[in-house]
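Each of the two complexes below includes chain A, the first together with chain B, the second together with chain C.
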Partner chain A sequence: MARYFYYHVIYVGMINVMLFVPWTLIQHRFNGAVSGMAIAIVFGTLISYLTISFILRFPGMGFAEIIRTYFSHGVTVVILILAAFIWFMAGMLVIYSYSATIQQFFNPDMNPYLFMLLMTLAGVWGASRCSRSVQFAHEIMMLLCTPLILMILFKAIFSPWLDWDAIRVTSGYIRTAPSFVSLCAATFVFAGYNTLGIFNRLLPAGAKIKYRWIIPLFCSFFLLVSFFIPIGFHGTVGVADYLYIWSITADSMIMEYGFVYRVLYIFLLLYTALSLMFAMNTWHTAMEFLKACHPKHKPKTEQFPAPAVNWWINLAFAILTFVYAFWTNEQRNQWVNQYWLITRTFVDITTTVLLGWIVFRGSRKKKKQPPIPRDAAVTDT
Partner chain B sequence: MRYRKALLFALLLSMLCGVNGCGFKDIDKRFFVVAMGIDRGSKPSTYRVTLRLAIPTSKIESGEAKTELESIEAPTIAESVRHIKSLVDKELDFGHCRVILFGKSLMERGVDEPLKWLSRRRDIQMVAFLGMAEPNSFHVLKLHPQSERYPGNALFLSFGSEGTESSYSVTEYLFDWARRQSETGKDGYLPIVRRDIDSNSYRVDKVAFLDKKKLRLCLNSEETQLFNISAKHYDKSVIAIPFQGTRVVLALSQVKTRTNISHSDIPEITFHIRATGFMEESPPNFLGGDMQQIQKHMQTEFNNQLEDLLYKVRDAGVDPYGFGLHYLATYFGRSNEWNHWMAAYPSVKFHVQSRIVIAKPGLIR
Partner chain C sequence: MLEQIKNEFKNASDLLMDTLDNGYLRMELAYFPSLCDERIKDGLLVPFSYRFDPDEFRRMLHSNPKYQKQDKSEEWANLLLKGNVLLEIDGQCYSFKSDRTFVTEVGTTQVEASLQGPQSAFTEDINLNISLVRIRYNKSILTVKPFDKGSFSHTSIQVLYDSELVNENVLKMLFKQMENVNIDLLQASGQLVKELTDRSHRLFPTLLQTERPDRVAVMLRRGKIVILMNGSRFAIVLPVRLFDFMHAMDDDYESYWISRFLIIMRYMAVSLTVILPAVYIAIVSYNPEIFRVQLAFTIDGSRAGVPYPSFVEVFIMLFMIEALIEASIRLPRFVGSTATTVGGLILGQAAQQAGLVSSIMIIVTSVVAISNFVVPNPNFSQSVRLMKYPFVIIAMIYGISGVAVMFFAMIVYLCSLRSFGEPYLALFTPKNQMNSGHGKD
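The block that comes next holds the complex of A and B.
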């Protein structure tokens, strides 16, 4: 079962391209991005290991059920709404950035909202499914994407046009003090473990998550690749000029005998799948958090006709995405992205501290009055 | 349930309304730009943009490919492209523009603005081939080679590894050139594209070097080949060395290079190159004892040739090999080291250490 968990870790590691993480890091490449990344690797690994261990102490319970057992209803609702907001923002920002990219590279004459409408409709439909379907959809999408991802990554790494001198020069700036924004941006790559907040409901009781070294290994790899490969292709100075940095990097590679010789289109196709997957997952999680605000909510992981409330919540998300699209432009979007990355880091830390505190309190209570039936807390199996 | 299905159907139908204005034009209402040339205009600070447009035909035969050439002058490239649109009957599409040429006079003035236009346009590929046209790009693009099967393909087959692979033609992509235009310690190069003397093909056998501003140096074809071997590790080339009245020619199969730069006041650059190949032209009785001697002789000769080239490039004030960047990378340098390098580069010393391995003598002894 642990493989479902690692799908989340891996695609969140890759979606960073659409959330301006490489762009943020590259803007700070001479003043603290590299050292920020080094710290983020340690910090991200640590916080993910801690959170996983904490959540696994509550088998079959989502984040909502865990905090509900220890906090009053009012506090729970506040926490859940905040969490849902952060999760929803993630999907919204990716959908917006992806439709902007598509519009830029496929057809600039196209109505910008048309593509967004298609993306949000797919997102609404995907996210309103039950947790089990969402989980299975992830597996299928990951299996479809993996060959393309590997192809693009290895094509980039082994390209003779990749300038390792430029990469080496930039990595020399590890001696500068880390910059805060780049630290937050780099931490995002490790954020995939957070989905355990909902998908822990699906893990059978007593399930263990093995092979945790996958998190530092893969996430550090994605982080280093998404920062250093553009620098290797566009130089230490020129790289800062590009807005859609990874699309341009993909466009710098060719497949002479490929069906389409510009790698850019393969890259965009791949990110269609990844963005939809990300939007589906984040909106689903946000929706589950909102549903859990109801005091008598019983989480159900398998429901076949999706309940109407799922549709309504996701429809509201879609409408908010359009409102955001009307308000925003390139500059505002970058600004919102940066602040979202910073806020998210703090929310992550708070979540871990909160869970740690609950576990600590629980273990002390257990010592005082040992006979607590553990299954009493489990609402669904 | 039926009510819901009807609602969904109505929703899907209503989405069709959004499809009308999405800007797609039929392929037969488009003109594909296959090559683009940018020259200096006749008035100061104007550009002359030349576009080679493909005319689709049903016949695919050599020499039957038809193209149309349109050219106009304007203060900026964007304006000239808009103006050219008024000269043609179909919508211009840059998605298949694989070659971009700059005129020589434009290169002498500086190419910052054309580069900005090319990077800003989303439909210009970052993998388009670049070249410098001599005397100007209009003159070069006017040529219509007989060997063309598809409109404009003779020009782009000259570059890259799709068509001919010549050691005299260097290949430069737009993204690489854009990075070299801003990179510290690495300067740009462009292949020089000319008309052949008999005007039936292109001639791409020279290279031009630029610093960040303008054209600085053009090499002859022999030096271009040497540059292609040493800087680009181009292994489908030959090394020719005079030996006892004849010429010994080694066809290369593998080239490896390594650069060491010392950390002294005046850095010394040691350029190691290892070239493996087989004999194509050699004195008779090659295996009869001359082999070691020839190998040694080739190494010293090649060292001298390459050192001459490196000093020539250094004296022109350009660094297409990227020695400066390599220096910074070796010592993890920052602005101090960079200033030091810029001051020291005009007087750096080069040592070439070549290792030439004759793997096979060919089919005869």
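The block that comes next holds the complex of A and C.
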């Protein structure tokens, strides 16, 4: 069942467009984005490999259950609420930026909150399902999206309008010292492994996640594409003029045959699916973390129909999203995005360190009590 | 015995009660002539009357499996109503099974036609249906469990499954659900489906009804459970997945590539019928810039004479086509062609010439209608027919991006459905043991 894991890795790798990762990188393209990306590739791969191996030592347990075994209830709740907040923010930011994109490119004369209402409702609807349904839906949406993704990527890479010289010039800045923000932004592309925090509950005991080379390969590819392709289309300087940089880039391509002329629309349809998948996943995870705060919570991966608490938590998320939308504007949203990307990187590192420490403590305990069989020791700890 | 029966059936004038005496033996006899068939003559009356031999007659009573000792007097009424003959000899009561079977011939497929597959279909007689299944699934492990449901109709139900392949959890759930079935008159398998579905407001069927014995055999082989019901031409199969509804039996009989092609075409047709009216509204009223300029102009040109917004047009045409479909189902066969001719003519040419709808809309409507009938299963076809309306409404408000979001919501809905605890829409789950691998609870 490791394939479900890689779906998460792949679409989180692609959603970076909606979280202004390319925009952030491009702002720093002459002062540290390229070297930041190079470091992020190594760092992201390392941290994802580590976290995966740590979490796989606790078969069938989510992040909440793992930390609960080591920390007191109070500490667990604090950690979980922080984690839930970070996850919820991810979904909220994507929904906001996607609604703003749609408002700009699809329905310019529509009330901006109207489309956001639809997006949040779809997010609430998806996230309140049980984990297993969420996983199934991810797989199907992912497979439906694949042809569109491939088409846009190939159109972009083989486009005659793509200026490889601009790309070469920009990549020449690799010797500049890495900038911190672009390092954090680039690390986000590798963040898909974090979904194991919930979906490890669904992995059967003894499951192995094979083919881990997919993570560095695909995520580096997405990272490079989302940074360099816009530069190739708009030039090294002109590229900084745009905020919704990838929508503009997609609009630089046309399809000669078929009903639809501008690739932009295909791109936007694809990102409807990706944004909703991302929102569904992040809100679902945040919801599960919040549910796990209850001291007697027993995680269930299969629930039909969805319990009422799922609805309430997700409705609260939706309301918070609207509150955010009332407060924010383009500048504030940029700012929140940047700080979210930075915070997220630190939370990721903390998570890995925490898990590593728990695993380390567990293995020391195991050495002290050798008679316990291996499997039992792992599940006990 | 007769006294008691008389008390229970006070006003049943069609009940025949008599005391026969052939000189050696007195026999009290009660049965409904309308419920019993001619077998009573050879099986009971002839041996009792002019071919009478006391020893042989007693031997027959004890050895013929059609005769059963009936000591419990409270079951007599039920036995009579099920087409048994009750007789009492020397104070001992026997029943003789002589229920009339109306159907003796195998039916032909009417709803799920097949080009070159078997043409036989289930009938309204449960015994014939079981034999149809047994002939195809010729194994000793095929288990048949009887039930009796409907407090007034006492419809006999048989649950069939392969005892080695069946999923025990599903079986337990089914039996639990069977106990909750609370219905007066059980006359069609659809009623049973409704009762067995844990939530009745579902947009998609989660139990498969089929009239094809070959499909039932295939399903049994996959470890599914089949429910046969007396008086219904349709067997109920559970648990099922969405793909089972989209699967025609011909797919198994055609060569590999042909069947792949047909399956892909069917899924394309379903997505067309669901989203095409919505996309039409979205393109015409919201986002004409999506299409290349020439196409956008063509569409807009065809709408030049139409005086109202596109969704009114869509609702007019969809209403007409739904009414036409409904009329052609309800109309008697001889009048049926009238509806299609009138409908086809008026919907096709006249509506467009009168400037009520655009010619593109006519094409959209016909694509929607034709694609809808590509679905092999009538239940699923109805669900698909209904699904286009939420899309139309969302397209009215949000345009094409709303349609995309709605499509996502539909996929999530389908993925969240369960058919007896088994996932309804999930890819690549192993065929026999859908629970293995994930979902450990």
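Following the convention adopted for this analysis, the second predicted complex is superposed on the first by the 370 of 381 C-alpha atoms of A that agree within 3 Å, B and C clash if a C-alpha of one lies under 4 Å from a C-alpha of the other, contacts with A are read in each partner's own complex, and residues count from 1 in each chain.
What we mean here is this: contacts are C-beta pairs under 8 Å (C-beta built on N, C-alpha and C of every residue); 3 or more make two chains touch, one makes a residue touch a chain.
Everything quoted here is computed from the prediction, not taken from an experiment.
Contact with chain C, but none with chain B, is seen for A:Pro204 once the two complexes are overlaid on the shared chain. Applying the stated contact rule after C-alpha superposition, one finds that A:Val260 touches chain C and leaves chain B untouched. In the superposed model, A:Asp251 lies in contact with chain B only, and not with chain C. When both complexes are overlaid on chain A, the residue A:Met141 reaches chain C alone and has no touch with chain B.
Of the two partner chains, chain B is the only one touched by A:Gln104; chain C is not.
In the superposed pair of complexes, A:Thr236 makes contact with chain B only, with no contact to chain C. With both complexes superposed, C is the one of chain B and chain C in contact with more chain A residues. Residue contacts after overlaying the shared chain place A:Gly172 against chain B, while chain C stays out of touching range.
Annotation: chain A residues 107, 110, 114, 262 touch chain B in one complex and chain C in the other. Chain A makes touch with chain C in their complex at residues 1, 4, 60, 102, 106-107, 110, 114-115, 118-119, 122, 125-126, 129-130, 132-137, 139-141, 143-144, 202-205, 259-262, 265, 268-269, 272-273, 276-277, 280, 300-302, 304-306.
Of all residues in chain A, those touching chain B in their complex are 104-105, 107-111, 114, 117, 160-161, 163-166, 168-169, 171-173, 175, 233-239, 241-242, 248, 251-254, 256, 262. Within the complex formed with chain A, the chain C residues making contact are 199, 286-287, 289-293, 295, 394, 397-402, 404-405, 408-409, 411-413, 415-418, 421, 423, 425-428, 437-441. Those residues of chain B that touch chain A in the complex are listed here as 15, 18-19, 21-24, 119, 122, 125-127, 160-162, 173, 175-176, 178-184, 186, 233, 322, 325-326, 328-330, 332-334.
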